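The structures considered in this document are given below.
Both complexes shown next keep chain A, but they swap its partner, so chain B is in the first and chain C is in the second.
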Partner chain A sequence: MRIYCRLLGAHLRALLEYEADFWILAAATVLMQVVNIVFLAALFAKVPSLNGWTFWAVVMMFGAVALAEGVGSLFFEGMWRLAWQINMGELDYFLVRPYPVVLQSSSALIGINGLSNIVVGGAMIGAAIAHSEIAWSPWRVAVGVLLLISAIVIKLSINLATNSVSFWLSSPSPIFAFAVHQVGDLARFPLSIYPAALKAGLGIVLPFAFVSFFPVAYLLDEGSNRWIGLLTPLVAVYCAAVALTVFKRGLRRYESAGN
Partner chain B sequence: MGAYTAQARGVALGILEYRVNVLLGIVATLMQLVALLAVWQVLLADSPVQGFTWPQMQAYLLVTFACGALVSTNSDFRMAFRIQSGLVALDLVKPVDYQRSRFAEALGGLWLEVVLILIVVTSAAALLGGLTVPAGPALALFAISMLLVVPLKFLIVYVGTLACFWTQSYMGVQWARIAVMSLLSGALIPLAYLPGWLGTIAQWSPFAGLTSTPALIYIGRVGFGDGMMLVAVELGWVIVLWFGARLLWRAAVRQLTVNGG
Partner chain C sequence: MPPIVEARDLTKVFRRPEKDPGLAGSLKHLVRRRFTDKVAVDHIDLSIEAGEAVAYVGPNGAGKSTTVKLLSGILVPTTGEVRIDGLHPQHDRTAIAHRIGVLFGQRTQLWWDLPVRESFAVLRDIYGLDAATYRKRLARFDEVLDLGEILPTLGRKLSLGQRMRADLAAAMLHGPRVVYLDEPTIGLDLQVKDKVREFFRTLRDEGTTVMLTSHDLADIEGFCRRLVIIDEGRIIFDGDLGAVKDQYARERILHVETEQPVPVEAVRLALPGAVITEGETPNQISVRFDRFVLTAGHAVTALAGLATLVDFRVDEPSIEDVIRRVYSGEILFDAKSA
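Right, the complex of A and B next:
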């Protein structure tokens, strides 16, 4: 843990060398979320609800995805470099160091845009909670926190698993992982609006719906099958296990770059 | 002129090497199409909202997809890299015009994008149960406006990429551009849904021509006269941006410092 922070800290210091770029990146990320909010506000100004979901419920789902993405960028951006690391044989260095390879890989980069995504995503969730009538009890707060952490773990696990596919594909860029990441954007909207095939895809095959829709539905106590949200921690454990297995299997296939 | 045709041909032939990247560039636009189709199908199931019916919105979103997929081959990344690494110095000594060269490259990649667009649009139209095609004059106007999307989008991306002469990284600039483009072009939501003042700004901005203008003409939301006006605005921006980009380029090159090595 301490080592991980120091690895990231080194990248952060390097990044702050270019202060103007830091601010441009931060501002651009905020702008992207502002555009999302303007879009939702414009939409819900004309219609009362989307398949029974209010403006604030959808804002919360958008916020959850932004927050999970932000944590991924800020702390685990290195995962997106895995394909490059494999292709260039950079994993050689990691393999001889006494620290888990997966952590060395994921800390190889820091995405400062994650910081603004965490802040804006958190603010969206916070504002949504303030505008909803949740009967808070210590139990509900604890469940809420647990669901949030689980949602983040699921997003990270999908990132790791899909990036680990690079062990099998020889491309130097994470094309597959990126495509899956785009599919994840579908989960920003309530799952109930999609046709059955997509519901199954986002609920079971690539459980993006557990990053946003199911936990939010449980917390807001809305929609049918709200109990599914309680499965989020189990899905998180399952996803993490699968992701780590895929990574380990892949690592066994790794054979440097030959120079 | 021969030099530019050769460049365009080079990209046209080479683009298949990067077919996966081109596909990937379209995945994001495709996912947005899927999400927005699902959203609007629910919202417009019973009654039209703000004057848009469900069949109209289907067509609007398909045109949006086509506009989003055009000129999306990410050649801006290569240009940004060459500016930041200083390789652009080599482009400066070539006896061709920089802006025309980049435009020629964008045109070269067009054919694969058009093929992919046709595949997606026809399969989507089949899934949705057909698509109404507008009558002759509107169709012609739509075609002109779609043709203008190509130089317009190229120029907006090009001007954005020129910012790399002043910044160290391209990502922030690119994201900001994408955010502004998606909102003000009407790709995220038709401009009629935006608050009045924002809608008016968007409508007269260069971005409206990227999606809103061809889409509104296609679904018949604007008549022939108004459509002509919108296309004229689109054309006006193409001309302004073409010469504006030249001025910007001149300023950019003047303050360029390339380290030797």
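Right, the complex of A and C next:
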């Protein structure tokens, strides 16, 4: 943990050398999220509810996805470089150091846009909670925090697993992982609006629905089958295990580069 | 004592897609997938004792780097196995990481956006070095490698020579018992090469086991006692460097300049067993001989009896010549001799 902060901190310091870059990136990310909210507001100005889901419930789902993505960018952006690292043989030195290879890879980059995603995502969740009628109890707060952490773990695990596919491909860019990431944006809307095939896809195959929809439904106590949200921590453990297994298998195939 | 590095029956096969050139070829490959297997390392047995300095040489593409990557656990062997200090590279990765140091001359392990000093500090934390040991080692490396001006420089702003010195220190910071140096002097100018070679000698003298691959055989002479030659993935020679020179670098050439022309036939009679060739002028003559059959002193004395000598010079082949002749197939080793 301390070493991870050290590795990330090194990049952060280098990044802060370029102040202008920092502010432009931060502003761009905030702008993207503002566009999202404007879009949602315009949508709900016409239709009072989306398949039974209120404006604030959907804002919370948007917020959860933004927050999870933000954590991914800020702390684990290096995962998106894995394809490059594999192709350029950058894992060579990672493999001879006494620190987990996966963490050396994920800390190789810092996505400062993650910071604004975290802030905006957190604000969206906060505003949605303020407009909800959740009966808060210590137990409910604890469950809420656990669900949030699990949601983030699921998003990260999917990032890791899909980027690890690069061990089997020869492209130096993470096209596959990026495509899956785009699919994840679908999870910002309530799962119930989608046809059955897509429901199965987002609920089981690539469980993005557990990043936002299921935990939010449980917390807000809305929708049918809200108990599924309680499975989120189990899904997180499962996803993390699968992702790490895929990474480890991939590492055995690693062929380095040139001489 | 068991060997510190041991490889048994080590083989690495790379699978390469077989594609016709161009986009059409790539598309065709999508439909009909064909692969060729390239055997980079072919059933190698190698064991290195603690404290040995081993030169690992071979032509481009012979499998040198692949061997180093197998021995350091970066690559998983197709068959065979590697043990470092009795440990398995993939199962005991962390334990092995503390025991080995690796330098790939072509690639840096420094963080490009950090000053070198910061890169070292990150490595110190990764290896869990205490402050006193870290300072002591850094001071010692500074003595030989002259790190002073390098430490505050950003990784990406280093010249090649500076980078290599910094990378050498980085590879040795945790005090590994075994180091693999893969082309550690590539592209360096002579002055830096000398520094780097001096650093190798301090390593060896401190008892570190070193495996060195290099194209520059001057790196090897005077440093390694053991020579391993690899060609097409196979070890074709493994033995004492001095013995190789005795066995395959026996030839000497004596170039003589005389005051008056010397009849070649007379020289041939005086020096049976040597090969005599005429030089560019009638006053020049070259005598090629086996140093175990004839000494240079004998040859000079014999020639002095035939004519007045103006000048003479003896050429002796370097280890480089020997290895060049190995590559070109002039010298064939019968299995693992020496």
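Rule of thumb we're sticking to: the second predicted complex is superposed on the first by the 259 of 259 C-alpha atoms of A that agree within 3 Å, B and C clash if a C-alpha of one lies under 4 Å from a C-alpha of the other, contacts with A are read in each partner's own complex, and residues count from 1 in each chain.
Going forward, a residue touches a chain if its C-beta (ideal position, glycine included) is under 8 Å from a C-beta of that chain, and two chains touch if they have at least 3 such contacts.
Predicted model, so just to flag it, every value in this text is computed and none were measured.
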Chain A as common anchor, with chain B and chain C clashing or fitting: fit
Contacts of A:Val35 with chain B and chain C, given as first, second, both or neither: first
First (chain B), second (chain C), both or neither touched by A:Val96: second
Which superposed partner A:Glu255 touches (first chain B, second chain C, both, neither): second
Touching partner for A:Gln182 - first (chain B), second (chain C), both, neither: first
Chain B versus chain C as contact partner of A:Ala14, first or second or both or neither: second
Superposition-derived comparison: chain B or chain C, residues of chain A touched: B
First, second, both or neither for A:Val47, with chain B first and chain C second: first
Chain B versus chain C as contact partner of A:Ile24, first or second or both or neither: first
First, second, both or neither for A:Arg2, with chain B first and chain C second: second
Chain C versus chain B - closest C-alpha approach in the superposed model, Å: 6
Touching both chain C and chain B, counted on chain A across the two superposed complexes: none
Chain A residues touching chain C - in the complex, by the definition given at the top: 2-3, 6-7, 10-11, 13-14, 89, 91-93, 95-99, 170, 252-256, 258-259
Chain A contact footprint on chain C (complex, rising order): 14, 17, 60, 64-65, 69, 72-76, 90, 93-98, 100-102, 104, 106-107, 109, 111, 113-114, 118, 122-123, 125-128, 182-183
In the complex, chain A residues that touch chain B: 18, 20-21, 24-29, 31-32, 34-35, 38-39, 42-43, 45-47, 50-51, 113, 171, 173, 175, 178-179, 182-183, 185-186, 188-189, 193-195, 198
Touching residues (chain side chain B, partner chain A) in the complex: 20-21, 24, 27-28, 31-32, 34-35, 38-39, 41-43, 49-50, 167-169, 171-176, 178-180, 182-183, 188-189, 193-195, 198
